[in-house]
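Before any comments, here is the structure.
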């Protein structure tokens, strides 16, 4: 968790220096502004304490499942303008397939199993909480395992 | 094609500034040194002219197939030490699934449909051409379409 | 000796509707799990009633692990209520 | 008037075995496609014979497009021979 911008190249360089790395998969999430209703900012709220626990667990699961040689997850919080980078996922492994699958796994799980909430602030000053998408739940479900339970 | 190192952050920044981008998928290939037989360098040969054509075609197919908002492929040639980055693939789209699938597609096709050849130079001075892997051909085949024909 | 209170946290629009980010209360009599607590909270005031009006939209955690309505709660626990997560 | 020659390129270990990166020859009589050309090249010298000894390991391109043994060739064409690619 960080309010500050992250340095993709530096984070990647650290992973590349682990011995045996043949490929690094990466995903960067960007604050998207809808043409139909442009936003002035995206606000990201999280649950301090639980966030770190949840991300730690997701990272450990990815490392075990995909035999990763290294893995980095950085998620920003606070107020971000359109075009800003929200989240960075890096997964290093000996071979490309594992690194790219682990990247997809990590971002799918972050979207559905880490306690973050997005709020869009529109140009006219109105704001609304972003709704969770069924498709995100389905994307996460393809990896199996338990899903964040409803009450 | 380039003999020079590439700047992941700068390339990513350019793509993030395209309007409507919500996610950027990325893969970086790294020169891997086998513990059992360490290398001093990897040499990359290519077919000038055909390489550019092949990559241009692969990029155009990825853009059409995954509705990308932008896409970058940089492949280094020449002599590279262990740990050096060989190839960069970036795919930007409105949503993460397309960006990550396009990244996998691009690297699978680069591995099997672009005229590059790797030669490993070992610490003892011996060298050998890297053999193409059936699993790379299978990875590329899952995207359908024609395969580089044998003679 | 009094039992330790429970801590209740609210995030996103649950925080907005209850008008509260965090509250501490003694574990009410008859409240043994998350579902019981939600029923009890709903009856507190208009803000809480509005927050829990549609329980299908509410997720919970007990001591920072995702929890369901049957998850038991005890004095000293930290219980959080929030909408489905939307990070990444 | 003489017909334009064909250009033949060799990469990786085909270049090493033939001892040649690029050669220009007049399109030989009776050579109409890639397979014909490979058979003709094999008979040239030991280096070419060794390069084409196992045709299953050889890939080809005509005018910078991947080609099979039945791909036609004509004067002026650029034909390349190489092992299966190993980039990425």
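We just call them A, B, C and D in the order they show up, numbering each chain from 1.
Everything that follows uses one rule, which is that contacts are C-beta pairs under 8 Å (C-beta built on N, C-alpha and C of every residue); 3 or more make two chains touch, one makes a residue touch a chain.
Treat the numbers as computed from the prediction; the structure is a model and nothing was measured.
Path length between chain B and chain C in the chain contact graph, taken as the least number of steps between touching chains: 2. Chain B and chain D have centres, each the mean of its CA atoms, that are 26 Å apart. Centre to centre, using the average C-alpha position, chain C and chain D are separated by 74 Å. Distance from the chain A centre to the chain B centre is 24 Å, each centre being the mean of its Cα atoms. Shared contact sites, meaning residues of chain C that touch two or more other chains, fall at 88. Residues of chain A in contact with two or more other chains: 29, 96, 107.
Remark: the chains found to touch one another pair up as A-B, A-C, B-D. For chain A in complex with chain B, the touching residues are 7-9, 12, 16-17, 19-30, 32-33, 35, 83, 85, 94, 96-97, 99-100, 103-104, 107, 139.
Residue ranges on chain D touching chain B, taken from their complex, read 9, 11-13, 34-35, 38, 55-56, 58-61, 64-69, 80-88.
Of all residues in chain A, those touching chain C in their complex are 29, 44-47, 49-50, 53, 75, 86-87, 107, 110-119, 129-132, 136, 148-151.
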